[in-house]
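Please go over the structures that come below.
The same chain A turns up in both complexes below, where it pairs with chain B and then with chain C.
So, the complex of A and B:
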């Protein structure tokens, strides 16, 4: 595959590359925090899109992998004294393993049943962690301030976390592109369109879905570790917020599921809107309700999302908007 | 012998869909499968290619027992199928649809090889000028051809065709029959379900007849067409029919 020659591959990657580079050059803490939240949304939405966009399976509780991975990584960091990168990778691996185990059972369900099962998993994980001693139970975990010394102080540690997230986001975009444009990805798209017909054509659907679920769960686990390391503490209520799951779905649908650029545009667009709603007195308690209404409107009127809509209506952009 | 079906029985709860069905398909043969609506023809296809597991009996494909093997593994062994109710992958292009067949069929091709094979298969069924169109935008006749191209791209040894002629007009039927014949000339054995009698009588080497899940006749097309049991299955009591026709 000569994917590196295609503009559809480079375009989203370049945006993130330039974006992060600008933040690093300007070197301003406030700008970094904003960029961190936005990049995290892009990374989470793009991870979810690998499952949702390519196989059509709606994971309603995808934030569970962010929470579980975050807990695992944070535990290794704060209690076991690991350094950030291996801890984050282990967080991701735990999420992937959990996805693999859970997936072999719940991926047999289709449509609404699968979506409901994933919500159940999120709630079960929250209940488990709240009662699990090593993870601090309902109180959660917090990091000893001295842990940041290893990275040259808290300030430096925050910059390093940002850089890691920035690189991770680009890795996710590359993985997403490679999955979509591979033989494996063609099988996934066939599953999305008609799973039974795909199996008759020889697509090993159960295995393909499970692998995809694991890939899609791995990255949120890594992101979770980075995020909670930056925050310095972690509680069950922060790690398994169902509203974040729904927001992830809104971001993917808003930008266009099954595209590379879509989750990115959707994430930035939604976060911008969310920021506006939270700072407007009338809406400040209603932002999740507004997100729900947006989701409804997208599904009813623009099911292909923003990027899908542009692709369908302006053929000449098709090259760039993979 | 490419396919042996031995004493296959399939039940859905209290409904006996297939009862001890046995037949053989010779290599290179076109075998027609006919029978009234609800006779169990499509169920038999589903049992052969692993969508359903039979309660009793065995399916032997190229000397290998494939009873109860998952449909994706059956596809890999070289058994492809075109559905009665067309199932195009709507959002994918015509070419991508066919590439799925090539990538995941018997030969497990890479994407590059698959796109080359897809072009060949689309040329064969006459859809080559629709390559980049979304499959959902095709009309019924074209979707039927797409089903066929997808199955062909898998380079199967045996092709199961489920009513590929239904819903086509007479000139489309004639064209499709030519395609089916040319597929056989490429060395692919074919088992086909069909309701368009003239067509299936003309193209099949042998015909088997299913009625209420039981095989009631087997033989050359003319012999089957004159078999009183077959006429009864389709039209009711042959004596009564003759009487009515006389009046």
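So, the complex of A and C:
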């Protein structure tokens, strides 16, 4: 195992490990909240990257899995009284199952048609959930405060959510590494380059794509449950935001798709930038516009993203970065 | 209502048909059309329908600018790049306009009364909206099939390399069709603004509807867009008879995904 020779893999993992550990040691609520948002962005971007970066399929409505999984987990938590971990896993599983069903049909579409179909699925899911009685319809669900008692009060519950997210983020990084460096992953990369050629070469493209779609949908589902558990309530509008879905794409693009470190850099960079623009008086009103300008510049001039750019321009990193 | 949906979708379908770019800046342009009409109406006292003409002109220019800045470089790149670059334009427009206009709803206070036919009541403004949409469609068809630049656009959308060899400046034609696409969006926005109040964010529902319509009618087919718009308008009219209004989007987007799967070329598309 040439594990240590692959810093492109263990370096991001190490960062997340140390980062989470520092937050836990310092034990400060503000720091935890910041880290939670950042880690969530990293986790979402990385799980999208499993689909987008490896197979090249642009899922524009990936947030649908975040929303659906969140709803399922939240429903089990608040109405059925499950505890957090099984509920989150069930949320993830539901997302994966939905992805499997939807994917077997939708993944036959290519390029922009697939992107459009995913937007349609997101909107259909949002509209469906707004009308679905058990999920609270347009009002959404909210958690009974006593549910937090089981975890030793609300404060402790928040810490636990953070720890779970922290572990989950590391799991996602490991999974995306494993996928990338397996025979399966090589098949996916072949699909990205030329799907027909890959099929001729014996890659079972439909099945491979479907499995990837399911993996990439499972994690947002789990994250959704954690996030809405932390928030205490959820509404259809929050759960299926198309903008958030596009933000995920932006993060992956920023950092460089198909790499493991890339989505992480992109997610942290994007969130930092957003935070900076929001709090700077000059840009306060224009933060969306400024973010748009920056995004445009990156797409036009650095299409490979930050990590891709570094890899292409500095030979020393070429072998190191995954 | 369906006709105006169709008009909004036509801009999107034209851009897709000619250059295979999904224009995510479509919604904000519709909203800009609404605001353009609103500003001309309130500040210059222009009749909202007369205001459509300058709005159309501005839409054309805006489209050309967007094309040159954001689309031209990524037109041959994978779909993700053009999707994201038009989305960046979307963010820029929304960001700037939110800062200028804020997100409070505006309304064009201009009523034409309504027409009573037996038990139906139809607003004149809606009637004119539909007529305007039909008129613009006819104009677009004449332009695409009779005039020289129109023919050139069709040639470019058919086969860009061959058109280039025939001496058609394809970059200019692409820019022109992008401009026309945004112009249609702006006009549709102007028409919508005469019957609904709006904010700078209200373009996005129409953008989503436009996607549905384009797919229904076949991406790249302007007449299909009008038909798709009508179908959507009818659905919105009839579904509430059977079940609560809030179920309408479930059907719309369900239909959308279904059509994409079964007939990606749309209901009318043969190619």
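Of note:
Keep in mind that, in the parts below, the second predicted complex is superposed on the first by the 298 of 322 C-alpha atoms of A that agree within 3 Å, B and C clash if a C-alpha of one lies under 4 Å from a C-alpha of the other, contacts with A are read in each partner's own complex, and residues count from 1 in each chain.
In this text, a contact is a pair of C-beta atoms (placed from the backbone, for glycine too) under 8 Å apart; a residue touches a chain by one contact, two chains touch by 3 or more.
Every value quoted in this text rests on a predicted model; they were computed, and no experiment measured them.
Residue contacts after overlaying the shared chain place A:296 against chain C, while chain B stays out of touching range. Annotation for chain A, partner touching more residues between chain B and chain C: C.
When both complexes are overlaid on chain A, the residue A:130 reaches chain C alone and has no touch with chain B. In the overlay built on the shared chain, the residue A:156 is in contact with neither chain B nor chain C. In the overlay built on the shared chain, the residue A:197 is in contact with chain B alone; chain C does not reach it.
On chain A, the patch touched by chain B and the patch touched by chain C do not overlap at any residue.
Here chain B touches chain A in the complex through residues 49, 51, 70-73, 75-76, 80-81, 83, 87-92, 96, 99-101, 103-105, 110-111, 114, 150, 154, going by the rule given at the top. Those residues of chain C that touch chain A in the complex are listed here as 16, 20, 22, 69-70, 73-74, 77-81, 83-85, 87-96, 98-99, 204, 208, 211-212, 215, 244, 246-250, 252-254, 256-257, 260-261, 264.
Residues 52, 56, 58, 60, 105-106, 108-109, 111-113, 115-117, 119-121, 123-124, 126-128, 130-131, 138, 242, 246, 249-250, 253, 285-293, 295-296, 299-300, 303 of chain A touch chain C in their complex. Put simply, chain A touches chain B in their complex at residues 1, 182-183, 186-187, 189-190, 192-194, 196-205.
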